[in-house]
Structure formats: structure tokens, C-alpha cells
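Notes for the one structure printed next.
Order of writing sets the labels: A, B, C and D. Residues in every chain begin at 1.
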Amino acid sequence: MAKIKSLAELQKKRDELQAVAAKTKNEKVIVNVSLATCGIASGGKEVMEAMKQEAAALGINNVEFTMSGCMTYCFAEPTVEITLPGKEPVVFGYIKGDKAKELVSKYIKSGELVDGVIPASYERIVF
Amino acid sequence: MVDKNQLRIATRNTGFIDPESVESYIAVGGYQALGKCLAEMKPADVIDLMKNSGLRGRGGAGFPTGVKWGFAAKYASDTKYVVCNADEGDPGAFMDRAVLEGDPHNVLEAMAIGGYAIGGNKGTIYIRAEYPLAIARLKLAIQQAKDMGLLGDNIMGTDFSFDIELKYGAGAFVCGEETALIASMEGNRGEPYTKPPFPAEAGYWDKPTIVNNVETLANIPAIIMKGADWFSGIGTETSKGTKVFCICGKINNVGLIEVPMGTSLKTVIYDVGGGIPDGKEFKAVQTGGPSGGALTYKDLDAPIDYENLVARQSMMGSGGMIVMDEDDCMVAVAKFFLDFTMDETCGKCTPCRIGSKRIYEILDKITIGQGTEADLEKLRSLSHNIKDTALCGLGQTMPNPVLSTMRVFEDEYRAHVIDKKCPAGVCADLLEFTVVEEKCVGCTLCARVCPVNCISGKPKEVHVIDQAACIKCGACLDKCKFDAIIKQ
Amino acid sequence: MSMLTITIDGQAVEMPAGSTILAAAKKVGIDIPTLCQLDMEKQFNQQSAACRICVVEIEKRRNLAPACATSIMDGMVIKTDSQRVIEARKTVLHLMLSDHPLDCLTCEKAGACKLQDLCYQYGIEVSDYPGLRNDYPLDASNEFYTRDLNKCVACRRCVQVCTNFQSTKAIAFGDRGFTTHPVAPFDKGMSDSTCVSCGNCVSVCPVGALLSKSKEKFRSWEVSKVKTTCSYCGVGCQMNLLAKENKVVGVEPMDGASNSSLLCVKGKYGFNFINHPDRLKTPLIRKNGELVEATWDEAYGLIADKVKATKAEYGNDALAGLTSARVTNEENYLFQKLVRAGFGTNNVDHCARL
Amino acid sequence: MTNSIDELMDSGAIFITGSNTTEGHPVIGAKIRRAKAKGTKIIVAEPRKIELAADADVFLQITPGTNIALYNGMMSYIISEGLQAAEYIKERTENYDELVATLADFTPEKAAEICGVSAEDIKSAARMYAQAPKAAIVYAMGVTQHTTGTEGVMTLSNLALLCGNIGIESGGINPLRGQNNVQGACDMGGLPGTYPAYQSVANPEIKAKFEKAWGVELSDKVGLTLTEIVHKAGHGDIKVLYIMGENPMVSDPDLHHVEEALKNTEFLIVQDIFLTETAQLADVVLPAASFAEKDGTFSNTERRVQRVRKAIKPVGNCKPDWQILMDLLNKLGIEKRYASAEEVFNEITTVTPSYGGISYERLEELGSLQWPCPTPDHAGTKFLHSGKVARGLGLFKPAVYKPSAELPDADYPYIMTTGRVLYHYHTRTMTGKVDGLNKLSPASFVEINPALAEKLGVTDGEMVAVSTRRGQIEVAAKVTAKLKENVIFMPFHFAVGAANVLTNTALDPIAKIPEYKVCAASVKKI
């Protein structure tokens, strides 16, 4: 990995990465699974696997799976955030059993909301 | 549309970025703050900015971070240390883990900023070994940052070098106390020593050392980027910024929240936390961990900040919040917390080592119906003297659960010692299960489930519980379909 | 060094920066009780401040402060005898006593026990906070001392002296919570540790938890104490000999310039030779190949005659003397004087080289 | 000691050589370990892996008798690296050129080969010693009990001078005296060539001074040393021998020879507190009081004069040594009565310049005084040679390494060395009477390396025969990795299985000290 030699280089790198992310966001469905200790313990990994399989089975191939840390909704683990191209991200909680597949077959495939949407009650600092 | 009660600064990235990817962090502005410090600010400027921001330690004591850094910067030394206190030990608190697992680079960046500010180039994260995933992600993050020249020698092409290593704690609660933590890092028994000298003067290996909690650090890059005025514009007069809490217990939305300082308890419990399950009444919330205190319905409108909590015999602590409802007995709750601190005291000073045991014993006596009114006085006096004489923060705060519950729920204590009753129906030895004659239809179900066969009565006739034989298991009460058995 | 002025119980005291409250109080004759404080040397003076008996009240400070470990600050106003302080100290004593046997009648330490003295001072007869007491087996595995942890008040002086001063590190604190107590490695007996039996822990124990095994029974008030210099190696450790009825029954270290209140196993426990039955008690003269008891005059007469005769017959250099690296300067001086002036030769030496 | 014990705590580095400090001088050992805890670098050069080796930053496990090679190797490296204290050497020393010349081709590599350690370790020890701002050397009999003992001490002195460590606080060369009052015995003139305070018997002025003080005529002929006395006694040339508080029957080399000599002495007077092995051979035995039964002073290893005070009355009919000696002086016509030990001390101070300012009164007040203390207003001397050394300029006296007098050969293939154990003192006249000490260290033993033990078919605790050209003893084997394979060790305390039956009588030509630390031995399974 090339070393970053100055603040300017770091800013350039950030801009490049943001550009890639913006492009992805417009083109792909981004599925972000909460995989901190709590998420993993409540089955987050299985959820991700199930969604991958379901997407493959349904022939949906514009889905990018990512992981993140704690989404802070302990009461609703496992939690998954789905961002449809060009849309605001939506967080789904209580993803147990067939719910994972349902997210793919309903929300990702046709934008049809399923139960367990967790409204965002926060403002997030970005810079 | 839900009100945006929460403001996420320390937890701004957890749940949003991939903690195992440095690019993911850079994409959200990661390491920009460090770069800005190195390129545009002198160490003294960084310290001034921190002082002006009003950021105070999130580990619990609330010492101003910039002031602490200023002390460490003042002492000349060839080596200085930045220690990240990741020894999260409060039961029911996991905000540090969430940050470390979800946004490890944030903490690394903040430590490097601290190192730059105080003139140190060694960082250590003291993390409990029970956090394997956090450890793995931190290790990965350190390696990635080094590979990219964001940690290690000559960071971003400057003269500044900063290295971070991990040290593992074995899960001793007292090791969250900074002097005990340092003792443990040096390979000694984890127990506190008397300050001064403060670690900022003589800490890790007797070198100037700043010890900052994970959440404190997690705020720092944002403060650098957005400025002191922005940060000090959030919160109350004395407590700036936000605070992360872990709400658990009798609450609907168990989880991690981050709210501006000054948010009322009511907002936290009812709006963010979603209220109490099963329509029960809110009774109290324990803040500040096992050595904090209980806030009650009387405190619901109080804005949460450092001073307000202390004024109510509790404390900020690291941010655990355990919510209790009408079914919780406050004496039993106090006993529960004392049971914890009694086991976790390092045993160094007399008041904490023996005093915690004695408080626990008195509480135990009360919960089994053997307490006297004199015991209440003893509890109070012993608690005050322990607070006054104990060596470290653990001992000085250990009686808080007793004092704060006695403050508001003295009636409940008195009911235990005078009436020998537990109003919340928790203390088994004080309970009596009785049959309400008017309601009993003589179905015999209760008699059949009683494990000790202490319920007698013929079918279709009123049943009677033999109090002497009853073991208060509650099986009869659960089984009765006619609400004919009550406990009191 | 800069001088700071503080007020203790209304008295102004000037002390150098870095002094403790305890030292400042001592300077003006105010007695603050201590128990765990180990004042062995200026260096390494990090007090454990564990017992909390020396707490005092400082104006504008939230809680009480240990006088032994709190440095003075200019303008500090301190109270050492307020109701708040007395109550706190009493509470500490009540707590200590609640985990301590009340067997002062038979305890060897009686009369020299800090806990006993403090309870007497504060009028504490029984603990206000009775409860479960720790129950440890007696460890008598060391040749020279016993360890009864039931009497331990966890003051840490033993661990401090072993770790920081004696540097043997045979003991440390183990466990947490109420059962925190000094342990040898893996909490086995002292004989399974790296203990070198120097007894320095025994010397600093304020209570009866560490006691020398003694052949003679004695009460602390029955013995006379005489300060002297150890008769073993060349370090010159200062010690008190404890004597009862013309018998040396014990040794305690004193703060000498070379030993700083430390002793080794020989100095602390190697004193039984003094009153050993095999001691020579009367002069002996060889008669018919056997050594038989004689009077001093007989012995002196024989020696004087023999010396004079030898000098006359063989010359002075046929006499020689070996003096001793064990005896005093005065005696060495007289010995060489005897050989040089009395025998008339310089044939005098000793085993400095051996 | 040129310096004081407590100064060690502020040394940048302490070089310990020929001293098993934690066992021989436990309290000093403890202080060295404390210094280590405070950051002092520790260098240990010893044939055995002693306790302090675990604290050492560099441990050099040298072959017994090769210490001079080690010091020279260190010095040659220091000079080659330019680490010497050039300014100090220029201003405060002389004969430096000879040192440089002597060490010219003596590289650390050569030293390493002789000493059986790595050249790298010698270099890092040298660096550590030279680069410390203040470095102390601590040594004991491991340096002096060699045929090259005097040269060993001088070589250490060279090393200290080379790095500017003499005449400074926390530096110096510091011999640890083995017995409580060796220092005092020497100070008080218990030596064949000197009166108290090392005033020469051959100096007419000094002689006159003492003749005046004592009122008798004195000899100006330097007397015999201990080993010479024993030797002459063996030939029947010493007719009367007075031994006070010593037990040469255990402590001296080649004990068979000692026994013969004492038996050959016509009239043997022994004064002691017990009927020692030596006393049993006496014609007259005088019972002395122990230290607990008398007043007086001891002078410790750092020249510190301290009081001895009477705690109990003399047991039985015994008397303090000073009273016995006074009585005998009187009997021999030297009429001077002393009412107390203090009166003797007062006489001492009149003829002993370095003790001139010391009095019981001052000792009572101050606890102790370190000589030189010439006048009553003198505060005593913490470290010697401050500003400049006593003789003016520090003299380099280079010596080259010479092998020990007796080296291993086919018949006696191992190097035997001797020393002390913690639980006993000298010949056990005192410690042998203490039950606990005897339990902890009940009997003599010989330490052998596990590899050697295997070769000999010996297990731990088994009896073996150890022999040298002088004799043979049977002792229990203690198998330990403390030693190298070709080296064996025995404590010298025990009368049964006495190490000194085996040791070599070869002497250092100057100090007449026997070579206890090296002889050739064989070990056989019994």
C-alpha cells in the first residue's frame, strides 16, 4: 500500500474514495449488515449469507454487501441497512429466519417495505 | 417523522463504515484531523482547542481533557505516553466496545493527535481480553494505518512519529481507574495508588502519561475538524458535547444512544428509549454503573450533565443506564450493586475492602427480614465514612447505590426493617403468598403445582397456603387462573 | 527548595515543598496516628496509603486525605482532630476490628500491636460492624516465623518491605475483595516461596500476623532493648537486642546509615548462640592432655610465665598472635598492643584475607 | 570501600565482580537490587550464576581466576572506542600511557577466549560501565583470593580511574569486607607491618610515637603474616601462639597443614566464646564475652565506626576480650588500667589520626562516623579521594593476566572454587548454634553442573569424593546449573566436609592471601 506523504495526498485519496462511493450508491443496492460482537452473536453473518444466496437465486446481481459495526439498535438485532440506488438508506431490525430472504425478494427486488423498519432518530456529524 | 433527539459525534461512524477497511474511514474524512494538526497547528494550539471545546473525560470523572493534556505537555521527558482506557467494566455498558468494533481508526487517530499535543510518541490501548473482536479490528487497523503512513514513523511525511500497542486487561473492574490501569500495564497487581503524582506527571513507567477513555477519544477528530466553538455550542453550561449511554433493563429500546448533554432523563427514557415495557411504571434508573446512583421519577425533568447527576447522589460514569420499574425492589437493587463492587474491590484500602462487605451484609440482613432501624443508621454512617476515607474512585463511590436509594426510597427500606415487607415483592423471605377467599373456586391447580405440597383444600373449596412450609417459589401464583393468589 | 506555609489545627507550619502532611504535623508536635505507613527511607517513599487511619480534613477538598501520602500545598488548611476525622478513623478501626480475632490476652504481639494501641486510643472495644471473618490456616512452615493471616490488617508493609527494600519479592497481594491477602507464589506456604527468611516483614508487621518463633516466651514490656551493631558481616547493621533475664530473646532492626532498617536472616535470627549452653564459661588449662577448668588467675599466671620464658629462651619473634575480625576496635587495639608491647614482636595478623 | 553503601542507589551502573552479594552481604545485595529497580544498570562477572545474575543487564560467567583478563578486555575496548574519561585522566591520574601500552593487543576477543564468555558481552559490559555518568565497582574475596589478588584489585582500580569513577559520589571501588570488623582489625593495627591507621612499624618516627604512648620499646621489624605464622609454627619456630576469636582450623587453606602447625606450637592460647576446633588444640582456653555482653565499636566495610553496646551481663565466668587483654598486659608489666571500653577508645584516638575526631559522645549523638575523621569538628568522610586521590594523582598500575597457580589437568580435571552461603557465617561458630539456620543449611556440599553430574553418574544429594593434591573429603553433591561444566563450588563454612582441606596454599606475593578461589580438583562417585 502506498504511503500517504502529506495532508494534500490524504485529501486527494478521500475525494477519490468518495467519488467511487457516490457512483456505487447510484448504481448498486448496498446491503450493510451490522457485524459487531452483538450482531454476529445474534446471527448477522447468517443473515448476510442468506441474503447473498437469495440474491443469487433471484438473479439479482447489482447488490454490494458490506459490513459495519454496531448500529446501536440492540433491541432489534440482527440489523441490516439497505440503500437502494439513489434512495435514502433504510434500516431493518429483527431480521430472523426467513426475514432475510424477504428483504431481498421484497425490498431489494421491488422496493416493497417489510416489517421492522427502524426510524432514524439521530443527527450524524459528518465532515 | 421521529424527533432527532440523538446527536452522533463519538459514534458518528459506527454502523456506517466498514471497520476493517481504512479506506472506508478515509472516505468519511478519517485522518483529516490528524493531518490538519500536523500540517497547520502547533501542539499548544491543539491543546488550546481542546480546552476551548470543553470536552470532559467520558470515563466518568469528567476531568477536562484539554487541561489533562496541558499538564502532560508541561512536563519535559524523553518519553510520554498516550493511553487509551478501553477497560470497559461496568455491567451493562458497551459503548467503548461498539466504538472500537465499529470505528477503530477514529480512536487511533485521536491517540496520535494526543501524542502530538503532549509531545509523546507512544500509545497504548489497555483493552480487556474479553473483547476479542475489538482486539482483532484494532490490530488490523493499526497495521493498515502503519502501511499507509498514518501511524508509525514520519506520519504523513512529517517529523512526527507515533506507535500504538495493545495491552490486555484481565477484566478487573478497578483497572478502569487510571492509576490501577497503569499499575496493571506495568505488570503489577491492578490496584490504584494515591495521587498526586498524577499520571500526567509520572504515569506509565513514571513518564508523563495521559489516560483517555475510548469515547473521549472518539470525539476528538470531530472537534479538530469542526472546531471548539461548534462543540462547546452543544450541551450545557458545564458539560459540552454529547454523551453515549447504554440503556438496558426495563426499557423497550435497549441499546446504544448518543444524546446532547442536558437532555432530560424523560427524553432518554420515553422518547429515545421507547418507554417501559408492559405498561409498567418507571421507578428508577441507575446511572454511573454499579457505583453510581439511582435517579427516580423526581429526577425525570433534570437535564443530564456531570454536575446534575452528582447533585443527585449519582454520577455520569461511563454511561451505563439500567432502568427499573415498579417490580424492582430498591434494597435488592442496592444489594445487587454492592455484591458487584464487593467482589471487584482491589482490597487495598480498609474502607473499601471490609466496608463493602459490611454494607453488603447489612443489606442482605435487611432483605431477609432481619434488619433493624439501627441498621439503617449504620448503613448511612458507614456509607458516608467510606466515601470520605476510601483510596480511589471505586471506593469513594461504592456506597452510592445505597445512599441514593435511601434518599428517595427510604420508605421501602423502612418497610423491610419495620413491617418486614418488600413492597415490590422481590425479597423472597419477606413475601407471603395468600389465597383470596372470594376469588378462589377450589380448582386445585395450585395445590397440584406446589413443589412442597403446602397448599391444602378440597376441590371446590377455598384453598389455604401453609406459610411455614411455603418456599415462596411463586408457582401457585403463576398457575392460578382466577387471580386468587396474591403475593405481598 | 521552596518553602510552603500551611495551617494545621490553627497552627502555621512552614515546610519544604514535597513534604507530607504527616511530616508537617510532626514538626509542630501534632500526632497523627499511622498504621500502614512505612518510613524506611526518603527514596522510594511511595506510601501505600492503604489503611486510611491517618486521614485528615483539608479545606475545600471533597473527601478526607491520607496524611502519610498527601503532599502539602501552599496555603492548605488542615484539621486533624475534627469530629469528621475522628468518626472516619473510628470507622476504619471498627472495620479492621470486625475482621480480626479478639485474642489480645494470649497474642504474642500484645503491648506492641498498633491495632491494639489505636483501639485503645479511640476507645473501641468491639466492632460496630460485626460480620463474616476471614479464616486462614496458620502458616508455620518458615523456620523462623509464623504467619497468621487472620490477624492481618492488609496494611501491605510486609509486601512493601519485601518488594521495595529487601528486593526479594517473595510475597505479593493476592485475591480481590474481602479476601485480599498477602500471598507467597500460588498461595502456597512461605516455605514454598523464594523467602530468604530475613524477617524484615516480621519486623514491620504492625499486628500479630507475622511473629518470630521464639524459644523464650516474653511480653513486649518485659524486655530491655539495647541498640548495637550486628556481629556478622561487614555491613554493620544497627539493631536492638531484646533481653529478658540476662538472655537475648530477640532482635529488631534499627535505622542505621548502612542498613536502613533492614537485617538479614543471620542478623535477625542468628542470636541463639549468645545464650547457648555450649558457651565457654570458665578458663580451661590443658593438664595431662585434657582441658580442665581453671581460675582466671591460674590461666593468666600460666600465660605470663610462658610468655616471659619463651621471650628469654627463644627471643621475641618466637611469639605471635592472631587477632580477630570479630571483636571490637578496642580489643583489636589492645591485642596488637599486647603482641607489640607485651610480646615485643610485630608478629600479629588476622584473617582479613580469609 | 572508597564510597558508601547508600551511594550505590544513585549509581548509573554497578559492576559486581567476585562477590555473591545477596548471600555474603545480604543487606547490600538488597540495596543493589533496589538500585536496579530504580534504573541502575547491573553488570555481574562471576563464575557462578548467583542470585544477582538474574538482575544483571550483562552477566559474564567467567572461568574462575580469569577476572584480570576480563577487566583488561573491558579497558582495551573502552580505549579503542574512545569511551575513557580523557579530561579526568589528564588532570587526575598518571602513568596512563603504560596502561595503553599494556593493553595494546589485548582485544575483548582475546579476553573472551580466556574468560569463557562472549566478546560481545564484554563489550556491552564495558560500554555500560564507561557510559554511566557514575559507576561503582563492588567486589569481595572473589577478586582478592587469588595468587594475583593484589593485581586484580589494581586492575579494577585502573578501570575505575580510566572512566573517572574514583573520587566521585556513587562511584569508586568498593570491597565488601566479609567479617563485621575486618575493617576495624586492620585500622587498629592487627597487621604485621602497621600500627593503627596503617602507620608503618618500620618508620622510626611512628615507632617513637608509640613507644612514648605505651611506655615500652618496640620492634621495627615487620612481623609475620598469618600464613607465614602458620607455616613457621609447622616448623616449630613459633613457640607461643595466641589466637583470639579465630578458627584457623576451619578457615585456613590446607587444613591438614594447619592442624600439624598448631599441634607443633609449644604453647597455644585460644580465646573464644566456644570451644572451637582450634580451641580444642589449645593449652589455655580463655572464655570471652560475646558482642551482646560488652561495649565497644565496630568499623564496617564503608569505614563507618558504630557502637557495640552491652545488652546482658557476661555469661558464666567469661570476660569481655578487652578486659582479658588488659589483664594480660598488666601481668606483662604494662601497667595501664582501663575502666571501660570507652577509655580504650580514647587512647586509640590519640595515636590513630583517622579516628582522631571520633568519640563515644559523638557516636551517641550521630549514630556513626566514617573515617577519616581527624578532628572533633570533622563530619567524617562519605567517599574517599574527593577532588584528588589521597596520593595526589591516581596511579595506573597495569597488570597482565596470569593463570592461577594450579590449573586442571588429567588427574584433577575440574576447577574448584569456594564461597559463602546465606545461612552461615564464616566457620559457623555462631550460626552453627542456631537451629533454624542449621535446618536451612545443614551440611557441606559440592555444587556440580548437571552435565558433569550425568557424566559422573551422580544425582542430586548423593555423596561424592572431592579430592585435590592436598586431600580428599566426602560431601553431598548439589546438582545445579549455576556452574559451568568444568567448575565445582564448595562453601567453606563447614568443619565436616571442610572445603579448606582441599584449597591451595599458594599465596599472592604481595598481600599473602591464599588462592581459595581456584584449585584443581577431581570428583568421584562413591
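Throughout what follows, a contact is a pair of C-beta atoms (placed from the backbone, for glycine too) under 8 Å apart; a residue touches a chain by one contact, two chains touch by 3 or more.
In this text the structure is predicted, and so the values were computed from the model without any measurement.
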The pair out of C-D and A-B sharing more C-beta contacts is C-D
Averaged over CA atoms, how far is the centre of chain A from the centre of chain D? Could you give it in whole Å? 80
If you average the CA atoms of chain A and of chain B, how many Å lie between those two points? 30
State, to the nearest whole Å, the distance from the C-alpha centre of chain B to the C-alpha centre of chain C. 46
Chain-chain contacts as defined at top: A-B, B-C, C-D
Flag every residue of chain C that touches chain B in the complex, lowest number first. 46-53, 55, 63-64, 66, 69-71, 84, 87-88, 91-92, 95-96, 98-99, 128-129, 131-132, 153-154, 156, 172-173, 175-181
Once bound in the complex, which stretches of chain A touch chain B? 1-7, 9-11, 13-14, 17-18, 21, 32, 34, 36-38, 40, 66-76, 81, 119-127
In the complex, chain B touches chain C at residues 172, 174, 189, 191, 193-194, 196, 342-351, 353-358, 361-362, 378, 381-382, 385-391, 396
Given the complex with chain A, which residues does chain B contribute to the contact? 1-9, 11-20, 23, 26-32, 35-36, 38-39, 94, 97-99, 101-103, 131, 133-134, 144, 147-150, 156-157, 222, 225-226, 248, 252-258, 271-272
Okay, in this complex, where on chain C does chain D touch? 43-44, 143-144, 164-168, 196-198, 213, 224, 226-238, 241, 243, 246-248, 256-260, 262-266, 269-276, 278-286, 291, 296, 299-304, 306-308, 310, 313-314, 316-354
